[in-house]
Amino acid sequence: MASQTSHSHEHHIVPTSTYLLTLILLVLLMLATVWAASFNLPAIGPFSGTVVNQMVALIIATAKALLVIMVFMGVRWSSTLAKLWVASGFVTLILLFGILGDYTTRHYEHQHGWEARPDGSLPRSTPDEEVVPPINANDLNVKIRQ
Amino acid sequence: MSAITNTSDHGHDSALHHQFEDIGQQNDSYIVGMWVFLSTEVMFFGALFFIYTLYRWNYQLDFYIAHEHLDVKLGAINTSVLLFSSFTMVMAVQSAQLKRRLHVIGYLLTTIVCACTFLVIKYFEYSSKIADHLYPGAGFATDAHAAFGAHAFEAGKLAVNMNHAQLFYALYFGMTGLHAVHIIAGILVILALIRLWVIRAKSVTLDYIPTEMVGLYWHFVDLVWIFLFPLFYLMPKPH
Amino acid sequence: MSFFNFPLAPPQASNIAQAYDPVFYALVALSVFFTVIVCAGVILFAIRYKAGTKADRSRPMYENLPLELTWTIIPLLLGLVMFYFGTALFVKIKTPPKNCEQIFVIGKQWMWHIQHSNGVRENNTLHVPVGKPVKLTMISQDVLHAFYIPAFRVQMGVVPGRYTELWFTATQAGEYHLFCNMYCGTQHSEMGGKVVAMDPKDYAEWLSNGGQSVAPMSMEQAGAKIYAKVHCDNCHGAEDTLHAPSLYGIYNKRRIFADGTSLLADDEYLRDSIIRPYDHITAGYGETMPVYQGQLTEEDVLNLVAYIKVLGTPIATTPTSIVNRHSAPTAVSPTNESSALAANAVQANTPDPDATPTRRVGSPAVGAVAAEGRNR
Amino acid sequence: MSSTVIPSGELGQQAEESNYLNVKHTIASWLLTGDHKRIALLYLVSTSFFFFLGSIAAGLIRYELTSPAGVVLESETYNKVFSSHGILMVFTFLVVAIPAIFGNFLVPLMIGARDLAFPRLNLASWYMYMTGGTLILAGMIFGGVDTGWTFYTPYSSMYSNGQVTMVIIGIFIAGFSTITTGINFVVTIHKMRAPGMTWFRLPLFIWAMYATSLMMILATPVVAITLLLVVYERTFKLPVFSPELGGDPVLFQHLFWFYSHPAVYIMILPAFAIVSELIANFSRKRIFGYHFVAFSSLAIAGLGFLVWGHHMFVSSQSMYESIVFSLISYLVAVPSAIKIFNWMATMYKGNIRLQSPMIYAIAFLMIFTVGGLTGLFLGAAGTDIHLTATYFVVAHFHYVMVGGTMLAFLGGLHYWWPKITGRMFSDGIAKVNAVIVFVGFNLTFFPQFIVGWLGMPRRYHYYYFAPEFQAYHIMSTLGATVLGLGFILPAFYLTMSLFTGPKAGPNPWGAHGLEWETSSPPPTSNFTETPIVMDEVYDFDPVSDHAKDLKDIEERNRRRSEEGYCGSEDDN
């Protein structure tokens, strides 16, 4: 059995300075993302400014996450097997985001009758008898809850 | 291979469990096991992040206005606190590698203090939401002006759909709440670890791996917050 | 198609079913082919190479790339061919043509509300013309449902909060099953009814009659029929006769009876006099009229009274009776589909005591389906 | 594989004195054990219990459907019964059974380890499973749940009045038990293999178990959080998945099937695992195309994550996404086809011993082929439109789940029974039982294909409006009776074998594999000495085997007749 294990108890001790530097980098990145969020960034190509803003925030977040994973969690120094399993969760997560493929390729909009009332009360809590005149032609005024 | 160990011989090392051949194999197993567990956690939070992404993408303006009630400063402070706690945690692991017992205990205690600070700040954030009736469910705020002030209006007209705002707060409480549950679990685990270090239990003092495992968990909790922060607190206005 | 009492295939009654069945049977053929290969192979090998039998076991094979590739690629190709046909069929099912007859469907626990484009409404029964593409626009009021017509091979989820679509062209007149095929609660299995595919001419007539196969009558017309049927006119004529007083203009007149009392001839009096004539015999007449208690239904009596009230005046032909309340014609003459839907939606909100089928206790024949049986 | 065990005296005699069953006898020694073999037995007892309850529900359903207007149940009760059947069978039996019983028992034995990597976690996962199962049962007793095992929103979250919350929390906890089991397997397979046990010397059982664990770990958390959100909705009346606040009910289905389609493979891959072992060992031949079979397991696991949408062709999912899912569904059929053909090719020129486990394996091959092929009808988006959610689907997944998983489970139970208990059962009765199961199964579920094609929707209590379906339902109920007999019989004759069966010895089937190198039942630490593997996996030689077999059979028959053993053992 021992043949297959890379003996990790000859462990790698990372100097404090590395950790401290990482922490400083992380805090700086955090400040950078707050700072970047205070601007309305311009649109780039097909992406609207909103998307660009969000992309910047997420790229910084990913950078921070990578720092934490690589340095703090020590993946940089761990076995290939551990690296594979680190990746597996995130890869599967990307597959999960494949669900978005459905929402981007179909009409996804709720009909009016289904939204809760403008006064904020949930439609299911309104009395049955109440008949609300149609808001527009497409309104079905469906009763939500008996 | 070389190592043919008799089963009756559990080795000289009392930290070694009977099913393993040697401590290296055991350590490797623990670390890999922890990572496999963390990949489960990635999917656990991942599904929530997906739901958030979908609804956010559909109701951008409503989510933006709803998010204006969150306090970026408190969020940033909380992020720093968690980042710092990650640092103290990693220092605890390093001290464990160097077998500096008191350092380990000190760093772990600092981590717990950070975690508690985080929770206290979270408590104040939650109470300000609850005070403004921004908790999801039947009692959700109906008056957009009272809840979001001028943000709720654009060109004199109501711009926010309170239903979608409620969805935002449902996800906010759901995701940060689940994260807080992980923090609380982390505090308990770290407390248990501190106790083991205090009583000089061989299971932790002989090898740094148990400390490292708790560390991995704690960094993961930090990791989740690293994404929660920009997604909830730093929304760009749709433009 | 059936084998003795075992039906083997559902009726093929729409253009989609015609496109569907070849793909289905091709898949059946493919499945039978592979099942036979595997079963025959396994049984053959099990017998041939049973331990103890003298069989050639020399040069056993453990890896053989060409062979592996053969049974990787052949199923893959066959699969892709079937995928192509399946997808082509799917695209056909999902793309309604432009010139569809529009029908709107609302699903709710546990019934289907159906609204035709001219405003005619029905429950749990869908009338469609043969030979004309029909598009259903559907939405749910509560939970998920699915609108499923096996004979047409069409099915589509009915989702709360969103419109979904379904289209088909019926090809054969007849009545077919309609099911809700998404579990929706206690009476899920009774949320269904039938689809009636009609000749386009019959359908047009059905639509213009407000959802009935024959034009509905006014109460007075119906009363006149009964008046003739039970031969009231044998005795009650335009003038008072020896046997009976005239009923012309009798309504709201004071009647004087044999015992000297008198009553105003209101609705109640007229009804009483039909079913129990001897209670109040008009002065001057004997007990000659038959007692109609139990002979006429309440509905008949109502219609009869309505007719008696207008005796001698021209009869209105506008239907005032609602024989079939679910298919009540409306005054809406829609200019476009959405305003029709909106107008009907308002009606959908008015309280409808029959809207939810009665809870079934014991006997199966009570419920939405039975209630709608007379809708044709 | 004939690994070379460094000889250290008489293996069998040593084990006689102490094995994992007789080492301690207190109840605490069972309930607090860290021994993977004892935990496997705990699982065997508990999953059998839940399977029994689920079968009773199945029986009730079949009985109720003999009449178009129902027989004894009210619709509400019927809905609770079929929901209980689904929930119990899926979450407390199918997903758990083979990995937790045979996986637990065999993974360390097959790779030459002393135990799983985390024995205490393993025990904890049994307790999680029991807690979850108890909560599920409690929910069913105190109010019941009528949502079906799929818990589609908004019915489950806003409308159903049953104990949905309790049952969902039970499933949530039981889900974590499968996750921890998966973690344990992955680490064990990676880190605890005996010296010389390289990846390509692993039995195919281990490969399939690894693929299963992969899906358990990565898919289960998604359904856990999704179901938790349903509880969140129910508790706070907060629609995340219903449209009142702009949520989308279809999103629930996406997330649910993101788990539940891989879950289908979590159920069937362990069956492949067992069948690979059975076919190789009873054909006395190395599995044909070992690498293909091994990697097809991983391919199924990988592609299994990409096909969830084929459950949603009529759920108002986008047409384009449906087509993509349909295509990938066709691709995932290929690895299964590879497995079937490779198993067939293994039998070719083998030296096949038609003992009871092999009969089960052959029945599996035939039934699973039908189950897999009918999947093509449902994977093609066009044909699925008419068939989805009808009895065709019911028949299809029962062909895979019952005809596949259940038959493999029974085959595995018979095959490893002597290893688990140290006793041999009567092979003759077992073979008769295999035939009973095969006949009963087909009689139960084949008519459902036809009635589904005719348009009988699933989850229907009544079909009085369509009496033409009745004949098929009656056939199906008759078959279910036979099938029920086939499930009850093993409980008797296997239990009997504990008391009357002859001692099995370390390797009663003459099989290859590390688990057969140790005594039966194995000692607590599995091997007296860590084995060193030098030979390839399934290292049979059919030709010389054949000659040896003939002599062995003769010898055994002679001995048996002398001892007066009355089981029919002359099948070879």
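So that you can tell them apart, the chains are marked A, B, C and D in the order they are listed, and the count of residues begins at 1 in each.
Here is the rule we use: contacts are C-beta pairs under 8 Å (C-beta built on N, C-alpha and C of every residue); 3 or more make two chains touch, one makes a residue touch a chain.
Note that the coordinates shown come from a computational prediction; the quantities given were computed from them, not determined experimentally.
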Core chain by centroid distance, with centroids computed from Cα atoms only: D
Relative to subunit A, chain with the most remote C-alpha centre: C
Chain pair with more C-beta contacts, A-D versus A-B: A-B
Between subunit C and subunit A, distance of the C-alpha-averaged centres to the nearest whole Å: 48
Distance from subunit B to subunit A - Cα centre to Cα centre, in angstrom: 14
Inter-chain centre distance, subunit B versus subunit D - centres from mean C-alpha coordinates, in Å: 36
Sequence positions of subunit B contacting 2 or more other chains: 1, 3, 20-21, 25, 28, 32, 36, 39-41, 43, 46-47, 50, 54, 58, 138, 161, 163
Touching two or more other chains - residues of subunit C: 109, 142, 160-162
Overlap residues in subunit D, where contacts from two or more other chains coincide: 113, 158, 190-192, 195, 218-219, 222, 237, 243-246, 248, 250-251, 255, 258, 316, 319, 530
Parts of subunit C lying in touch with subunit D, wherever the complex brings them together: 5-10, 20, 23-24, 27, 30-31, 34-35, 38-39, 41-43, 45-46, 49-52, 55-58, 60-64, 67-68, 71-72, 75-76, 79-80, 82-83, 85-94, 109, 142-144, 146, 148, 150-151, 153-157, 159-162, 164, 177, 179-190, 192, 360, 364-365, 369
Sites on subunit D touched by subunit A in the complex: 113, 158, 190-195, 214, 218-219, 222, 237, 243-246, 248, 250-251, 254-255, 258, 305-306, 309, 316-321, 324, 530
Complex contact set, residues of subunit D against subunit C: 68-70, 75-76, 79, 146-148, 150, 152, 154-155, 158-160, 242-244, 248-250, 283-292, 313-316, 319, 322-323, 326-327, 330-331, 333-334, 337-338, 340-342, 344-345, 347-354, 358, 362, 365-366, 369-370, 373-374, 376-377, 379-386, 388-390, 450, 453-455, 457-466, 468, 471-472, 542-543, 546, 549-550, 553, 572
List of subunit D residues in touch with subunit B within their complex: 6, 108, 113-119, 179, 182-184, 186-188, 190-192, 195-196, 217-222, 224-226, 229, 232, 236-238, 240, 244-248, 251, 255, 258, 525, 527-530, 532
Contact set on subunit A toward subunit B in their complex: 1-3, 5-9, 11, 13-14, 16, 19-20, 22-23, 26-27, 30-31, 33-34, 37, 40-41, 48-50, 53-54, 57-58, 60-61, 64-65, 68-69, 71-74, 78-79, 81-82, 85-86, 88-90, 92-93, 96-97, 99-100, 103, 108, 115-116, 118-122, 125
